[in-house]
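After this come two complexes, each holding subunit A, first together with subunit B and then together with subunit C.
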Partner chain A sequence: MRALAAETSKLASLPAVWIATAAGVVVPGVIAAITASAALGAIDRGPAAIAAIDTGYQELAFGVVGAIILGVVAVSSEYVTESADSGGGRQITTSLTAVPSRLRFLLAKLSAIAISSAMLAITAAVTTMGVVRVVLGEHAPALGADDVPRLAGVACYWVYSALLAAGITVLTRHGVVPLAVLIANTSVVSVTYLLTKITPLANYLPDMAGVRMFIRKLADSTAEISPLTGGLVMTAWVTVLLVTAAISFTRRDA
Partner chain B sequence: MTVPPATRTRGREAAQALAAELSKLATLPATFLTLGGTFVVNLILAIAFTNAGLRDSTGTRSAPDIGLASIGYGQAGFVILGVMAACSEYVGGQIRTTLTAMPRRALQFTAKHVALAIVVLPAAAITAASGVALAAGVLGDTAAPVTSGRVAGALGGVTAYLALTTLISAAVGALVRRTLAAVVVLLGYLFIAGPLLRDHVPAARYLPDSAGFAMWFPPAEDAGAVTPVHGGLLLMAWTVVLIAVVVLGYRRWDV
Partner chain C sequence: MTGGDASRSHVDVITIDNLVKRRGSREILSGISFRARPGRVTGFLGPNGAGKSSTLRILLGLDRATSGAALIGSVPFAKLPDPLAMVGAMLDGPGAHRARTGRAHLRWVARSAGLPRARVDEVLEVVGLTNAASKRVGAYSLGMGRRLGLATALLGDPEILVLDEPVNGLDPDGIRWIRTLLRERAASGRTVLLSGHLMGELAETVDDVVVVNEGKVVADGTLGEVTGAYRTLEDAFFALTTGAAS
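The block that comes next holds the complex of A and B.
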């Protein structure tokens, strides 16, 4: 418990976490405002009375970049070498002196990441859905009981993405490569999406399966995956990756 | 008391600064790791795109279009290279040594960017050409006919685009001074904010990423689209303005 408090305090005092928070809340919020006003224009002109079912959710799928940054910097900051003026050390040696059990340290770290990315997801979801409602007014898709599991899916997707990012960074010990790969893959046309054009198996990659938890109409989908299956597939990916990361972390020199 | 005459001319000083920056860049392990990694990843993506092209899911059979599609992702490697080149100065205080040896900051900054361009231009050309060659080879006779002028234009455009993007990244890196933060800002813009703005805001076509894309992406049909030449000029203007702004700050701020 004290290890968790320590990790939370370290995470909260990282400047990069503020970039992550800003990215996670501002990106989906602003995009939602832009797409919602475009949808409003279409509604005024056309026969449709209600915006598309995925309004808001689509944007939250991009906002996950905030959770990814959070997961990467939480781990990579431990491995940054300080300048020679301040001893040239790395924080990880201090951390492991304070919490010698590697598994306990990693568990505390991952829990802190999961808690903070869940909070980030909730903030972002509230902001984005609020923006959609403000812009669209009566034309917004109704929020009902259906949306509870979908919003839970958003939070789940964000937490899993942050944990995936953290797990990859434990293996690489440097933030740039996981950050570049994962951000490039959050783009509008992601690499994994293109892979689904080549093989339907790519639909079971973690991000493609994970978004099924809350996106209902995936463009040009080549496989039908139910929200629950999507969630389970992503859980499996996260579990495998975190176990690999834990094994490597407990066995390698720090 | 007389001031001793300067021992070297301005031209010689500039040449020595360029040589120093080139030597720093060439001995940075990250340089060739990044370029090599980008080359390999780009080739793998090009194979994937070519496979998709064989199944007609790309909507085109033109070898340069399919072979260059992977550059949209491969540019991440060039962004990282630019940021690393700038931010490696701030790891462990190398910048103080650099500025002791080259006190004229604007000259040092220019030399760094010229050196970066010298390293990146051939690398970008090789990376782009390898994708196109692969697509042309695999598609073989089924490829849509293209003129060699179109291929040369696309390759030239993409090479210039990648080089200018690297220079922009280096300037942002020098401004932010932290590798991760600079990478987040640039990639977040290039991969998330840029494409979304392009879809929704018409004026976004003059932003550096969209203008740069016009240099090599299959030209759009609509009349208001930016032509490759205009795109190149726009991106060059963005790069020059950004570097000029950063130089002004770089000359005034403490390191």
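The block that comes next holds the complex of A and C.
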């Protein structure tokens, strides 16, 4: 499909996408190296200590910032105004003259985002689990059959997060606010996590529900949500947001 | 042969039919109607804020009209099966992301239409950007930006060109070059619609002139008809758009 080929080509030639890719691989990799070293110290001091069940996965929950940046910039790059020098246009005008069907354009863009964030998630997971294995050596938790659905959950979480970020940016038509809010929520202060302290309903917010797909021991969890339920809840959020974004995008002036 | 020409001219004509566009309580376009025909360069002229860009954006399906229609042949732009091969467009600026190189920009546009990579190098050559193709668009000058926009418009070797202020920012060489390019395309039977404020430059380029002011067409005809009794198109333009002696 030509529209998808064009969207993939756009992503590959955008420097911000490469920053997103680097963030997605480096962030969880480095955190994994640090936490695994600390865990190794603890294991060396006392034989009772063992590496936690979420080793590696916890780090991948942070690494999702890479997918979020990818989702935001893929859309916000369409709306960045060119320098006044070159006329002050925006890429969206070229995009929609090349692919005039709004729905087809949006589907192609979201597909490109989904494919690239899935590839990013796989790369990050391999890197992060590799780092854990290298640092912990024989103490690393063995990867078994149980890890297959968990790793699939990681990929799913990353793709959904990228799509949520993209959908929000379609509505805002500007990258700064969604980028700041979503990154802060993932890394600095998790507002959604703090909300779970106030109401258990906050456990059903997209990110809190989504991480259940692969995190087994959520600190101070205020609700029991199975991996499958968590995945379905996040799917529902993504669906609602993307439908809203598509309706807005197809109706308004570009 | 004549039959072929007739059917071709039918699909190549741009028809703007009673376009009205309201934004909030303001009426930006109040019933714009005109045609741009194959084999002719049509100049769409008017002062700042007259509604030129708004009309062209509706023609390209970027904005929706409150009422009226804008057609390529007999269909709206959005219904064209192969838009880039039918219409090449340039609006304000090249419509390229500033962090991408000129070549990377043209490549993704080419991919959207299934055009070969070699076509990208061809249009870069045509607009004289070959040496700047690996530079980021953000580093382009106004004139280079225009050239990239033109390269994008020419990519599909379209039957119709729609250009919003194409000469803006071009040096005298650039203006002469674009004039030659547009005349050649009209001479080969294609349709060219370009907007502009004026005048000196355009008088030598256009065959037909549509003058708009405050969202209404105030004159429509061949260059000779619109210039009429005035000494130059420029004099006619000022008389028509400032409401001075007619």
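To be clear about the criterion, the second predicted complex is superposed on the first by the 250 of 254 C-alpha atoms of A that agree within 3 Å, B and C clash if a C-alpha of one lies under 4 Å from a C-alpha of the other, contacts with A are read in each partner's own complex, and residues count from 1 in each chain.
Throughout what follows, a residue touches a chain if its C-beta (ideal position, glycine included) is under 8 Å from a C-beta of that chain, and two chains touch if they have at least 3 such contacts.
Values in this document were obtained by computation on a predicted structure and should not be read as measured data.
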item	value
Touched partner set for A:A6, first subunit B, second subunit C, both or neither	second
First (subunit B), second (subunit C), both or neither touched by A:S101	second
Subunit B versus subunit C as contact partner of A:S83, first or second or both or neither	both
Partner chain in contact with A:V188 - subunit B first, subunit C second, else both or neither	first
Partner chain(s) touched by A:I198 [first = subunit B, second = subunit C, both, neither]	first
Contacts of A:A180 with subunit B and subunit C, given as first, second, both or neither	first
Subunit B and subunit C footprints on subunit A, overlapping residues	16, 83, 85, 88
Subunit A-facing residues of subunit C, complex	57, 60-64, 77-80, 83-84, 87, 89, 91-101, 104-105, 107-109, 111-114, 137-138, 140-142, 144-146, 149, 152, 168-169
Partner subunit C, residues of subunit A touching it in the complex	2-3, 5-7, 9-10, 13-16, 77, 80, 82-83, 85-94, 96-101, 253-254
For the subunit A and subunit B complex, residues of the former touching the latter	16, 19, 23, 27, 31, 34-35, 38, 62, 65, 69, 72-73, 76, 81, 83-85, 88, 175-176, 179-181, 183-184, 186-189, 191, 194-195, 197-198
Sites on subunit B touched by subunit A in the complex	45, 48-49, 51-52, 55, 57, 73, 76-77, 79-80, 84, 91-93, 179-181, 183-184, 187-188, 191-193, 195-197, 199-201
